[in-house]
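See below for the structure under consideration.
Naming follows writing order (A, B, C and D), and every chain is counted from residue 1.
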Amino acid sequence: MKKIKVGIIGAGRIGKLHAENLINNISSVEVKSIADVFADKIETWAHDLGIKNVYSDYHDILNDPEIDAILICSSTNTHSPISIEAAKAGKHIFCEKPIDYDLDRIHAVLDAVKTAGVKFQVGFNRRFDHNFKAVRDMVQAGKIGDPHIIKVTSRDPEPPSAEYAKVSGGMFLDMTIHDFDMVRYLSGSEVDEVYAAAAVLVDPAIGEAGDVDTALITLKFKNGAIGVIDNSRKAVYGYDQRVEVFGSKGGISVSNDIGSSAVLSTSEGVFSDKPKYFFLERYKDSFITELKDFFEAIEEDKETPVTGIDGLKPVLIAFAAKKSLLEGRAIKVED
Amino acid sequence: MKKIKVGIIGAGRIGKLHAENLINNISSVEVKSIADVFADKIETWAHDLGIKNVYSDYHDILNDPEIDAILICSSTNTHSPISIEAAKAGKHIFCEKPIDYDLDRIHAVLDAVKTAGVKFQVGFNRRFDHNFKAVRDMVQAGKIGDPHIIKVTSRDPEPPSAEYAKVSGGMFLDMTIHDFDMVRYLSGSEVDEVYAAAAVLVDPAIGEAGDVDTALITLKFKNGAIGVIDNSRKAVYGYDQRVEVFGSKGGISVSNDIGSSAVLSTSEGVFSDKPKYFFLERYKDSFITELKDFFEAIEEDKETPVTGIDGLKPVLIAFAAKKSLLEGRAIKVED
Amino acid sequence: MKKIKVGIIGAGRIGKLHAENLINNISSVEVKSIADVFADKIETWAHDLGIKNVYSDYHDILNDPEIDAILICSSTNTHSPISIEAAKAGKHIFCEKPIDYDLDRIHAVLDAVKTAGVKFQVGFNRRFDHNFKAVRDMVQAGKIGDPHIIKVTSRDPEPPSAEYAKVSGGMFLDMTIHDFDMVRYLSGSEVDEVYAAAAVLVDPAIGEAGDVDTALITLKFKNGAIGVIDNSRKAVYGYDQRVEVFGSKGGISVSNDIGSSAVLSTSEGVFSDKPKYFFLERYKDSFITELKDFFEAIEEDKETPVTGIDGLKPVLIAFAAKKSLLEGRAIKVED
Amino acid sequence: MKKIKVGIIGAGRIGKLHAENLINNISSVEVKSIADVFADKIETWAHDLGIKNVYSDYHDILNDPEIDAILICSSTNTHSPISIEAAKAGKHIFCEKPIDYDLDRIHAVLDAVKTAGVKFQVGFNRRFDHNFKAVRDMVQAGKIGDPHIIKVTSRDPEPPSAEYAKVSGGMFLDMTIHDFDMVRYLSGSEVDEVYAAAAVLVDPAIGEAGDVDTALITLKFKNGAIGVIDNSRKAVYGYDQRVEVFGSKGGISVSNDIGSSAVLSTSEGVFSDKPKYFFLERYKDSFITELKDFFEAIEEDKETPVTGIDGLKPVLIAFAAKKSLLEGRAIKVED
């Protein structure tokens, strides 16, 4: 079978990860080219992996008629313009989250993709995590009946710098956006209304930068369910990623993945391992699975598992949450 | 040592439970008398337990100069008037929750108790549960540093009848009131502001009766922490009673008590026991401990572990939650 | 209903425990009399509990025609002679384990009980533990198919004194005897052959006293299953009591009961509570249930749940284990 | 840095796995050649992976002066002759377990390796499993003090065919050999004496083939500890791989790895995921780590983590276990 030829735009941490995952795990794909503004810094790495072309200008990828699909892993502000160019060039697109923080620009991407008829997938990798997928599958299979309460615990092991907080768009757009996607994924429903309570408890500098670091976001879903996300920028025991869905026929919950299952019992107490600390370690396999599913969607010409709409909705929820925080009341999510 | 002589007012389910717990477990106490409007129905039971006097009029207990302390286990609307009479009669008082649903009447009780200088304890038994007490003790010991997020899951195994829902004062006053006490207990802080999201998802008849059966109540605490309570009137797998406190130095959580620790692994999956179903079974020991602590407070002349203020505050939070639900915004808790 | 009148012989730790359990929990029974060689030391305690008669000579109980049943809680060497006298006096007998360490004397007890037609139960309380009973019930219900492997972990929190070790009959008769009963209970089969490996690893003084403190006892059952018991006299983390039954259709295991389900996660690790430390705490409810079932057997005239044969068999297994240890080979259990 | 050039001999399931693991995960290594008697069947696969040479005769690898190291993944009877030839050719050797079932031939390999001064590692991959390694590390760090009791549960999900049982050398050499290695690894001590109890409970055809399918093997270690391995050829719930080490200062145990941490609670009970079913899935990462450590030993010229002696000892223990089973008594392990 002819291999799908892929170009990767942006070779930072996530771009490199995707490149290695594709080469090591997805044999139906050939990573032909990679582009990065600091092309010279990645040449040895790319060569060792067997990637033929390293460009400093991503247009070299878009202009290559052999390229079937691209992965956009460059900085956030470039996601939407590159998406639009790529769609026009007829390339299938895997775009890291978020598409953009500007609604008009997101809609422009969605329109361009639709017009071009190319596949488009947003990098909400957590949907592909073994634990969360198991929950979703059981919910979909009706194991808990109608969902009544959706709960997401999402706490980072370490806060970002205050400088990053200033430019990140705020915790809701930068961090909670994954959880907004998760509640849609788990509930199978759109979010109708949001109420956010938040505080600066981890680092005062984050507050001075105009952001929060601890939050509880209450959600009402269109299917009648209610939900809550709790966030902290700093869980000293590691990356805390749990969900629970409760419904008319039961409840499902997941616990954190840990390094080993070893349990030590002594006169001091019973000790077990902490949750995996780093998101790349915790979500390692999900990054592979999301790409497998993207290329399967191309090969079998079916809808991608995380569509452009799935990229848009969490941004709308985040905007409502920000507004709720300012106004101290529940805010409807824009349609 | 001279035994403390006790009278019990009200011999329904909880009055009988307290009588048996005292007689079987607390040897420093003598249950001398019990009063119930249906005195004839409890005579055999009381006799078998060795209780000397069974009255139909509780004044017979209040008028007995030998009685040191009373337990008020009669219907809710009688709690405050009996409390006031008992305080005037110089009896120490253990009063089932709630003191009252009327703030003026609660304050009248608190005043009467203060004036009389008698001990007064409210029956928030969950504080004495082994699991929740362990969490509270670790929080108090600074194990998690400053509390940031308090979470309470409190779901009943079966909904009340719609008829009961009509007269119960609503879910927040009837059921969540225990959780409002729990968040104060766990956080060591007063609640400042409340936002309630709720729905009728379990039984439409409850909605027709003007109440809700599923809720998420977000709380802001005076110490800066935030919290959330999730309630359902119907968890088909049993009585779901869990808490989690997350802070600057870590997190503590508890899981449900289960009937046995037996785990069965077959080709079908891995099966374990459900949470204990009934509150009397789940909280069995806490009902004994709350009484032990009450009588210890009398014997050692120290403050009771659940004071009149502890009885008042959850009612104020419940009122704020009800208002929030009506108005769709966060409501300050009255001081 | 007329209450069963009970006399208790021996008022040490276990005799007192049974007395209190009967009085506080089993309303169909009246503890009329108690006998102890140090009668004067227990008079206040017995009086406070409402026990009418305190004797220094147990014959006063056996000679009381009103007494229906006795509990033998005196020192081990008195179990068999008192059992025989009591049987002749027509009393139902609950006898603490072991019946005796001499096979002829055990058989004499079994004969006397049979001749007299009285009920006889041996105090293997662990059969009545909620966890082990759940395992047994599932095995009996066929949940794991045919049992293939039976595993018992039984470790004490603290070793006995070397002095006690000298007179105890050895670890197999003193401690493992409970586990020999447990494997019969769980497997539903008799033990055919035993191989014991053991060592002195906890306290050299125990070795000098001629005993062992750490052991693995392999068992072959008549139904074809195999099993292993692991014992230690000292598990520093508490009383370690677990079982596992593995079979053709699956496996069942139990974990230890712990003080609270609270789990603390910090930067140092994840900490949970230790197993309950003391056997009276761990097996608290089982001591009540074994008595309930004994008196139910009397009331309903049915076989007791732990018969004389159940008292005999573990002694036979212990003898075989001792012999195996001496000879370094597998030993058949005497029929 | 110059890459280590590797040849793989044998391209069955495990040979292919090692090839893919090396290529995808260990960048310091180049898989230059692979040899298999059915060379034509693997050409496409090898070509797609970028392996230059595919031979039908493994001597082509041994004769290639560029090859630094080989992996022996061919059938068991070829392990020792190829090892000896490879040692003479000066190649470092990673040899799948077992080296041989004949002691003289094992010793010949050990001698050849010693004479040649090449590295030699045996493929006991379970030592590199995250769970077992965590236990070993804690034992080595003294967390449980002196080891007293070592327990290994090792149960396969499905029995081999009776035909395979006939030629496999028996369960002890074929399956338990991993566990014999594990107890040495965990205890840090040699096994002194073995007693085996076993039965045919899974498949009568295995018995007819002269083998057993269920076993308990008791071990005495030279450091005084005792241990037990329990084996079954068929755990219907999946691959059951657990260990426990108990000592003077505490105990450590591990539970099985499962597919997801999702737990479903319904009115029927609480359901969780089964252990991973297949050894390649369960031990996935251990196969990569063992190779990383092998090549690190080459690069840093240090001892391999599983030496020739580590390959020999489990065979000696297995022989003792077989003899014990025949003679019904404990057997010393040959030095």
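One rule holds in what follows: a residue touches a chain if its C-beta (ideal position, glycine included) is under 8 Å from a C-beta of that chain, and two chains touch if they have at least 3 such contacts.
Bear in mind the structure is a predicted one, so any value in this text is a computation, not a measurement.
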Provide the labels of all chains in contact with chain A and in contact with chain C. B, D
Give me the chains shared as neighbours by chain C and chain D. A, B
Between chain B and chain D, the Cα-mean centres are separated in Å by 58
Between chain B and chain C, what distance separates the C-alpha centroids? Give it in angstrom. 39
Separation of chain A from chain B, taking each centre as the mean of its C-alpha atoms, in whole Å: 43
At which residue positions does chain B touch at least two other chains? 235-237, 249-251, 265-267, 273
Parts of chain A lying in touch with chain B, wherever the complex brings them together: 146, 148-149, 151, 155, 195, 197-199, 201-202, 214-216, 218, 220, 224-228, 230, 232, 234-237, 240, 246, 248-251, 328-330
In the complex, chain D touches chain A at residues 23-25, 27, 48, 50, 130-131, 133-135, 138, 143-144, 249-257, 259-267, 273
Which positions of chain C touch chain A when the two form their complex? 235-238, 258, 265-267, 269-275
